[in-house]
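Order as written gives the chain letters A, B, C, D, E, F, G, H, I, J, K and L; numbering starts at 1 within each chain.
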Amino acid sequence: MTDLIAVVHGPNLNMLGKREIGIYGGKTLDDVNSEVKVEADKLGVSIECFQSNSEGELVTFIHKCRGRVKGVLLNAGAYTHYSIALRDAIAAAQVSVIEVHISNVFKRESFRHISVIAPVCIGQICGFGSQGYILALRALLEEKLDPWLI
Amino acid sequence: MTDLIAVVHGPNLNMLGKREIGIYGGKTLDDVNSEVKVEADKLGVSIECFQSNSEGELVTFIHKCRGRVKGVLLNAGAYTHYSIALRDAIAAAQVSVIEVHISNVFKRESFRHISVIAPVCIGQICGFGSQGYILALRALLEEKLDPWLI
Amino acid sequence: MTDLIAVVHGPNLNMLGKREIGIYGGKTLDDVNSEVKVEADKLGVSIECFQSNSEGELVTFIHKCRGRVKGVLLNAGAYTHYSIALRDAIAAAQVSVIEVHISNVFKRESFRHISVIAPVCIGQICGFGSQGYILALRALLEEKLDPWLI
Amino acid sequence: MTDLIAVVHGPNLNMLGKREIGIYGGKTLDDVNSEVKVEADKLGVSIECFQSNSEGELVTFIHKCRGRVKGVLLNAGAYTHYSIALRDAIAAAQVSVIEVHISNVFKRESFRHISVIAPVCIGQICGFGSQGYILALRALLEEKLDPWLI
Amino acid sequence: MTDLIAVVHGPNLNMLGKREIGIYGGKTLDDVNSEVKVEADKLGVSIECFQSNSEGELVTFIHKCRGRVKGVLLNAGAYTHYSIALRDAIAAAQVSVIEVHISNVFKRESFRHISVIAPVCIGQICGFGSQGYILALRALLEEKLDPWLI
Amino acid sequence: MTDLIAVVHGPNLNMLGKREIGIYGGKTLDDVNSEVKVEADKLGVSIECFQSNSEGELVTFIHKCRGRVKGVLLNAGAYTHYSIALRDAIAAAQVSVIEVHISNVFKRESFRHISVIAPVCIGQICGFGSQGYILALRALLEEKLDPWLI
Amino acid sequence: MTDLIAVVHGPNLNMLGKREIGIYGGKTLDDVNSEVKVEADKLGVSIECFQSNSEGELVTFIHKCRGRVKGVLLNAGAYTHYSIALRDAIAAAQVSVIEVHISNVFKRESFRHISVIAPVCIGQICGFGSQGYILALRALLEEKLDPWLI
Amino acid sequence: MTDLIAVVHGPNLNMLGKREIGIYGGKTLDDVNSEVKVEADKLGVSIECFQSNSEGELVTFIHKCRGRVKGVLLNAGAYTHYSIALRDAIAAAQVSVIEVHISNVFKRESFRHISVIAPVCIGQICGFGSQGYILALRALLEEKLDPWLI
Amino acid sequence: MTDLIAVVHGPNLNMLGKREIGIYGGKTLDDVNSEVKVEADKLGVSIECFQSNSEGELVTFIHKCRGRVKGVLLNAGAYTHYSIALRDAIAAAQVSVIEVHISNVFKRESFRHISVIAPVCIGQICGFGSQGYILALRALLEEKLDPWLI
Amino acid sequence: MTDLIAVVHGPNLNMLGKREIGIYGGKTLDDVNSEVKVEADKLGVSIECFQSNSEGELVTFIHKCRGRVKGVLLNAGAYTHYSIALRDAIAAAQVSVIEVHISNVFKRESFRHISVIAPVCIGQICGFGSQGYILALRALLEEKLDPWLI
Amino acid sequence: MTDLIAVVHGPNLNMLGKREIGIYGGKTLDDVNSEVKVEADKLGVSIECFQSNSEGELVTFIHKCRGRVKGVLLNAGAYTHYSIALRDAIAAAQVSVIEVHISNVFKRESFRHISVIAPVCIGQICGFGSQGYILALRALLEEKLDPWLI
Amino acid sequence: MTDLIAVVHGPNLNMLGKREIGIYGGKTLDDVNSEVKVEADKLGVSIECFQSNSEGELVTFIHKCRGRVKGVLLNAGAYTHYSIALRDAIAAAQVSVIEVHISNVFKRESFRHISVIAPVCIGQICGFGSQGYILALRALLEEKLDPWLI
């Protein structure tokens, strides 16, 4: 049986590709999930995608990942910046999480430079659009991360 | 002729693998550069590696990348946190830079959470050890980044 | 067919008129909505009222306003002060939103002086009790706002 | 005899319509005052308009409103952000003041997000251009504000 | 008929006893609730337990306590630190709330030292593990609190 | 021989019950100590009460608790907010301390929200008047605190 | 010829005694000035009183005190808190100024705790109502201030 | 029997006149107290002088003033800037206190601009050397302060 | 007809040369204006000098420069640090302004390091005494500023 | 022999004219230096130009100016904002330095508003493009600065 | 007669060697004092040791050093961080004080990085355990400090 | 073979004794190094002196100390306050470093009170002029530091 990877999208990501096409492009969230699936198939893992605008549902979903998935690709959207509940959920679930952001948050408003979840994630990938999820998937599946990462 | 990618390491990265092996692992900077080279060969690009402890030399090297390299993988080390000179160099050189950090800087002292260069880079990859350079290389060489990235 | 205006109430506004009558008066949320409806009828528009204590449901409702309503009268209650998710929802939904507060928030605790949604709304009306919704409705329906508003 | 409403404009508002027409539109301060007058006539009240670039004159004018006007529509311009003298004048004059801003100040520089006069006004209306004065006039003249406003 | 006491647990408390047993011990949330029930039986009151990861559901539950329960033992988890919505819900529900924390939050990250709900609660008990709920229950049921508490 | 518990009161607590009876009630510090003694008798422990307005004497008393008392109930009064000396004394004395406050300090001036001693105490109980000492005594004497408290 | 003392009142002090008599009492500014005159007569000096709501006029008046008056009793009202222009005027005029406040500004809003003029005055007297001017007058006329004041 | 006024001096004031005569002058604390006594005799009141370097002793002395003295002239020295214990003592003692400083603290280091006791005193007199005590004495004994002081 | 340049001096600059000659030198404002006039004559332009201590008059004067002068040399004195009204006046008048300071403000109190008008001026010249006006005049009249200035 | 003036350019200024010609114009650093030379020739002084991206080399160059040059025109680029080493070098070299910036730094990011070297320079000229160097040269060579500059 | 050096220890230093031996080692305060005495004997000076937990006693002791001791070795313990009273005592006593800390305070909590007494001491020695006192003694007794120390 | 101690001087220390002799004295850096050498000879160790104005060279020199020197006496000059690169170099080199400052940095500008390298050094000695190096040398060579230093 193949390993399972959760791909978790936070608030407003359901609107991807449906708004401001000139700026955000035409890829919908389904498109992004499909791209990740194609890559997952190549790499021999399954993915389970989840999106919610609700902080509580995201917390609950992270809990359910515990002991069931090999890792989580998490784009927490705006909750990145203030959801200590989500941070605690990651710590409680004891699952490997990689933080993904589609845009380079450091080019945007200063309140987006703060991530309250970053300290409980393995690492962060931001600024590469939907490709960020692919990179994160690869990062998660590398046979063996350097054992000396802090 | 193949595209050239610069792999730039800032202060103290020359000490990789030579210090605190229990913590940082045994890979030296040469090991890391070799790994990147193996990947670059696979992807059909050349790499040019550079390390300096000097802020000025790093600024000058970034200048020299202009019009000569397809992109830069930059781990600016401690200069990440205060070298506005390096930030301005990236802006002046008009070259695509991806910011790489070996450790998850967001798990460390709060002064390491600030990156003065992030707003002028394409994106950031941190927390994946030497694999971060490989991921950044792949990110840089993707045929076409989503055109809608902010 | 008449234009539709959404009237959106955030957390705790369902308690209007049910608590501390000496202070907050006896109007319930239904009373307020009815008042807005009377005005809407006069002005020839329909209204759709929505209240939720859930940040996620508010985000989702705002998304659903897109392309369907002419504008939103939004009293985001406490979420006004920290829900970046709601802010992003407004930006994503590309709908005209007027921020309404029943009390003059600037007379209250300093944390109520911050509105994270104000920068993505057309304007703000606060301090006029339930009348604020009526004023906001009128503002939204003016034939033509001055074209030079920033 | 009809009630009197003061319409008070602070510094630089005398330049309305005379500058940057592409951005601010062509309405002059006289145009705005005329619009308010038309509405006042409909509502059966008189208005008295006043503009000054001088903080001291504005303070003095507010004093003179005491016991003479039913209310004040006040766009204090830049003094909004620092004139504690004006704040104290409003408190001393014991007159109902509604704060009006033509632009949505929350979309602009952060120093414009601070209003030192807001805590001594009834409420605030901002972002609706010259229409804001009309809305404020209506708000002031409503027979009876909800008695439970804080 | 016996008095009813609500025992309310916020986000991630459903994970108690299921994670990091070496650190957090083996008591589950059911164990904690049972302990409180045993004490409640001794003291002649009923308890109603509620847990949710959703801020909105917690707000709604607090509303429903109004006029129905004698008091609330509330461990708001991470929402303690930023949910102004919950704070407003407590104020609106006009019910006596005691804030409980399992760990001594003041020994942990500085963001956990802030409680936005503390000013609307009767008091706070933290650092005594599940015993904190028992202490809070006793505190709530004391025949008569000193009448002179601020 | 019974266990000894120290009950330590900081500055101004000698004035309890002697001032502003309408606000603070008529219980004197002796009354409070007597109540704690009654409870201690029930629970089979002795208590030793100490009050001082002097930071130095409080530091010295805490030192003397070392190896002699089972625990300390400490209401440090105003020293709570700035006495690093007292904090260090607690750490040096290696004795279990529970922080008690008569009023809910979080409802008062913001400088009272800071406790420099909280991080070296087991836990905090505040807002329950003199009952807080009784609750703290019980907490201290529980056979076995959950072993998993942070 | 007798020495001249200037008594200078800033913005809103012209409203003394005309507003909120229950709170501020019935003394007008004329009453206050008369009281100071009575005391001045006793002490054998003349006084010249000045009030303005205009920052610029206050600056100009202070300039005119130079070389003409023995000292200034200055209640700068709200300008106390931000008028660097007034501060510079005092420094430029090289005249002895005593800062007077009718109320105890330290009991009021925190922005009133800041005095930008205090560092260029001899000293400050606040909280004693109109008596403060009398005290300041006496202070100014003492034959010889201790020569060792910083 | 005459009224009693306490004259209270905080830390380091015992060194007055014994140090840096060129700067601080040659008056000792006894000289200052004698000057106050001469004035008190004139005004028909007794004085009781107290100096301590100990925060606790100052707190205790303030307590003892309660119901025994008509008022306190308090120069709390360095404790002015951080002794919340002293602040609470003044509030508890319910005695009228006037804050006196020999130097103009606003001309000195910024940490001397903060007074934690000012909000619980009647008023503040600073910058007039030993004369400040005389002025404070007069202020305290005025038959009737304006009844409208905040 | 020659171009006109306005030379505008803010509060307290009328005191130049009249105060503290040892420190500020003996040049009066007239001397400074004369020096600028001599230079203007050489350069073939006229100048119009204006000084006011009133913020409002300065605002009004700047308005009047619009469309009438080629540029403004502005030493706003203390208003530099807080007059947002003046800032807005410059923006509204659409005239080229060069900010001049006689002293090197960066060597003085930290509140003088802030210029609220700098972002709407062409540039700043400070620290060169009255020569600063001459330099500013020359700067303004250079045939052609580099077209690439930000 | 003619006086020597050093013209010192910091990091990234070697890129002038080589980047973003649309924005920064086509003048190279050599062009700028040539312009200064032309002016120097007119004024009868020699210039020595130096550019480095290295903080240490700039420090060393400033040291070498001591006793050898009449003054320094210094555009420290990004080092302006954080190089305390450069600040100390200027103080140690005891040479007159004028700070020059090509752009108006106050229109740009807030971190560019800070100059750590300004307090040890004579003055600052910013916002006039390459002309700023010319103005600075003239300022430096004026026969006699007003002797009363702070 | 030999010179006298005071060795002054602040709060909690009486607990040295009595607590947490694994961490703090087994040396008691007497041991430390004895070590200093041995060194003092070698260097031909006497020492007088003093320890107190009371801020007031430390202030008084510092006063008594005036004119009597050649210098003071002062480890003010926790008072280092907030005792402005102690700071003022050092300034008043006009005695040379060297600040000593056993641990490297800069490795500990951030509130320990602040020393309010450092600006009135000659210098600081920290991080060398009890040896720090020895080093400080030697520093104090050097025939002649460089005369050029700031 | 004798142990080697590195004596490392940062930016501007090459200017010692060459500037402002009245203030800094006439000792050059060579004089200081010679003094340290004399002491080293007495203590039976060798020293190697190094000075650089370049942050990068200092980083590199620290690296080279690894495994080669017994310890480092480091006066990092201005880099003390911001060179995180130097801090990381010390951590990487795993060599014992003592931080030395010639002046008492705590008496100077507040930006000099921050040391970013202090947390990775053994301890700090400041304020004793060139004697500081001698004290640091002795500290480093003590047979055995107390084993209990934090």
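To be clear about the criterion, contacts are C-beta pairs under 8 Å (C-beta built on N, C-alpha and C of every residue); 3 or more make two chains touch, one makes a residue touch a chain.
What you see is a predicted model, and the numbers here were worked out from it, not measured in a lab.
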item: Minimal step count in the chain contact network, chain I to chain J; value: 1
item: Numbering shared by both copies at the chain L-chain J contact, with half separating same from different; value: different
item: Selected from A-E, A-B or J-L, interface repeating I-J by over half of its contact pairs; value: A-B
item: Centroid spacing, where centroids are CA-atom means, of chain B and chain H in whole angstrom; value: 63
item: Interchain centroid distance [CA atoms averaged], chain C/chain F, Å; value: 48
item: Contacts with two or more other chains, residues of chain D listed in rising order; value: 54-57, 82
item: Chains touching one another, given as label pairs in label order; value: A-B, A-C, A-E, B-J, B-L, C-D, C-E, D-G, D-I, E-F, F-H, F-K, G-H, G-I, H-K, I-J, J-L, K-L
item: Residues of chain H that touch chain G when the two form their complex; value: 21-27, 98, 102-104, 106-108, 113, 115, 118-119, 121-132, 135, 138-139, 142, 145-150
item: Contact footprint of chain C on chain A as seen in their complex; value: 10-12, 14-15, 18-20, 52-57, 77-79, 81-82, 111
item: Residues on chain G engaged by chain I in the complex (per definition of touch); value: 54-57, 59-60, 63, 66, 82-85, 87-89, 92-94, 116
